[in-house]
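Both of the next two complexes hold chain A, though its partner changes from chain B to chain C.
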Partner chain A sequence: MREENYLYFANDGGNDTDKDAAMFPASGFRGAVSMSSTTAEFFFAPQDGTGTTANGVLLTFADVADATGATSSSGTGAAHVGDGITRSANTKLVMEKFAQLASGNRNNTTNFTVIKDLNTLPANEGAISSSGIEEVTAVTITID
Partner chain B sequence: MAIQKAVPSQGGETFVTLIKDADEKFCGPASNFLGLKCDGAGSMKLRFEDIDGTAAATVIDVTVTDTAGTGVEMKRVCQAIAGAMTAHGVQGKFVKIADDLTDEFIHPDLLSVDAVA
Partner chain C sequence: MENYLYFRKLRPVTASATFSGSSNATDAFSGVGVAANLDNINEIASLSVKSFDGGGTGHASILFETTAVLPAPAYSSTALAIATGSIHYLNPANQALSNGVITLDASGTAGGYDLDTGDIVTITFKQGLETSFMYPVSALKGMVATDTNTTSLHFASILGDATDDVVTIEHANGKFEDICKLMNDACNAFPRDGRLVTVIDLAFGETNILGGSNPASITSIEYAPEGGAAGMAT
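On to the complex of A and B.
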């Protein structure tokens, strides 16, 4: 069988309410869509086994205000646009980090990968201590 | 139509089993795992492709420890389950995730199997 990578998501609710957390096999990933300048939803094959309506995990992050002028929060040089338009640089960044984590297939590990966990976590416990992608500030899980 | 995630065998498959009692048991290939979710405080639902081939899922309810208030126990159980389902090292292995009959569990924060349906 193919080695699987299991992707873990959790909001900040302490895993006390329905869909506070979820784990999906990476092979069930269907794709990600930018929903706004501050959100992207990651879709997976549904856990109900029907294969129809995908389950989604909506990740929220900050957008980047690009002030007019010579420098801005979006950087300098080629990274700087300077037109004053707010952009969503974190959309690509979060998707890129997700791709790196989801495609990890590492020998001699548990293949348990934390994409994002917003709960207070203990220190020095490997993946248990991992909060995942640092740019993500909120997680909303949809599983029908 | 059910999503078929099983892939051609390379010489072995990891099989996992969860047992509630003499009448409610599950054993299936790890590659049929659809995912799991938190179902409330101290409660998780694991889902596998239905073993009868229909477009549905076999749903297994389990209880986990919930005392820290941060959900870390559930996370630890998720990590243990992920580790159990990986196929590294031993081809064709058979892993018991939870067995209420013999009181054997893959992690001490996994407390019971409540339903297999």
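On to the complex of A and C.
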């Protein structure tokens, strides 16, 4: 596709084993779902052409502390707020950044878009251009 | 360039349920949307039991926090005597959640607790499996009024099978047209760049609808991706 955006993912390996890295066209993106308070999986049309088994990229990020009701008192039990609550703001933030990157194709650019590159190649062979979404700490690529 | 539609399920900050006396399972929690869709313990941030009259029994390892608990509860290892009105924190990971009902591990199991009639179980929520999700606008296949106060959005399956992923919106009677306008606005916003558009976000007891107002009086959304729990990495 003309001016298609291509989305690049790489885990913290050396791009030397199966599924260390993958790239998908933005048009192959099918959706994303929260998996937990620290993970969300992004789904793409499969590269094997079957069209029936999605490829997934699980992105991991930190929980975000929510100061609301964050206090907890002594060990009497009675006054514990018991919140442990987090709005998991990084889930939406990562989705927002993905959306910006995936739809950021423009004329006269390469349209090569690093969503996250965690590879451990030497510095002079490291991240191709940008390291991508800074909140992401791990990338797991599933291609069946 | 296209927009991406973001939704987050109805979840309050906290919810409580009483134990009425059956199989160590709470009564159903209310205010959490359709009970059948509250199934994943990983969206429970913390779980406490308030003893009604001191009659419950806790495993010796029953835990409670001694410090701030964010972003995840840090449980101490100190047991706490059960007495009338005492509050005991249990690790949610040790318990089971199904159809809006929590069943506690028995007191003979580490982290377990035998509930007594009248005990109140309180849970707090965090982001969990399928509590929020996004689809590209191009995945929207259509929408249909399934009754006077329910509209279903159909998206192409996230996993790629023939069965659509369905987002069900509960709203005031006769508001299907308002839902259509909402979706039209979401899909066609930012025509020159494309962004994540928050369509409906009902987390933490708040009502955040695109546009700021809520003319359709949306009260909840349910999400049923193809095959139930989505995800390939889990």
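We adopt the following convention: the second predicted complex is superposed on the first by the 116 of 144 C-alpha atoms of A that agree within 3 Å, B and C clash if a C-alpha of one lies under 4 Å from a C-alpha of the other, contacts with A are read in each partner's own complex, and residues count from 1 in each chain.
In the analysis below, a contact is a pair of C-beta atoms (placed from the backbone, for glycine too) under 8 Å apart; a residue touches a chain by one contact, two chains touch by 3 or more.
The structure displayed is predicted, hence computed values, not measured ones.
Contacts of A:142 after superposition: chain C is touched, whereas chain B is not reached. Looking at the superposed arrangement, the partner reaching more residues of chain A, out of chain B and chain C, is C. In the superposed model, A:31 lies in contact with chain C only, and not with chain B. In the superposed model, A:43 makes contact with chain C only, not with chain B. In the superposition on chain A, contact of A:21 is made with chain B only, not with chain C.
The intersection of chain A residues touching chain B with those touching chain C, taken from the two complexes, comprises 27, 45-46, 50-51, 55. Residue ranges on chain B touching chain A, taken from their complex, read 1-3, 5-7, 9-10, 12-14, 29-31, 33-41, 45, 47, 49-50, 55-57, 66, 69-72, 74-76, 78-83, 85-88. Listing the residues of chain C that touch chain A in their complex gives 1-4, 6, 8, 13-14, 42-43, 45-46, 48, 64-73, 76, 78, 80, 85-89, 122, 124-136, 138-139, 155-161, 165, 193-196, 198, 203-204, 225, 230-234.
Within the complex, the chain A residues that touch chain B are 1-4, 6, 8, 10, 13-25, 27-28, 44-51, 55, 107-108, 110-112, 117, 119-122, 127-128, 141, 143. On the chain A side of its complex with chain C, the touching residues are 27, 29-37, 39, 41, 43, 45-46, 50-56, 58, 62-67, 69-72, 74-75, 77-78, 80-88, 91-92, 95-96, 98-100, 102-105, 140, 142, 144.
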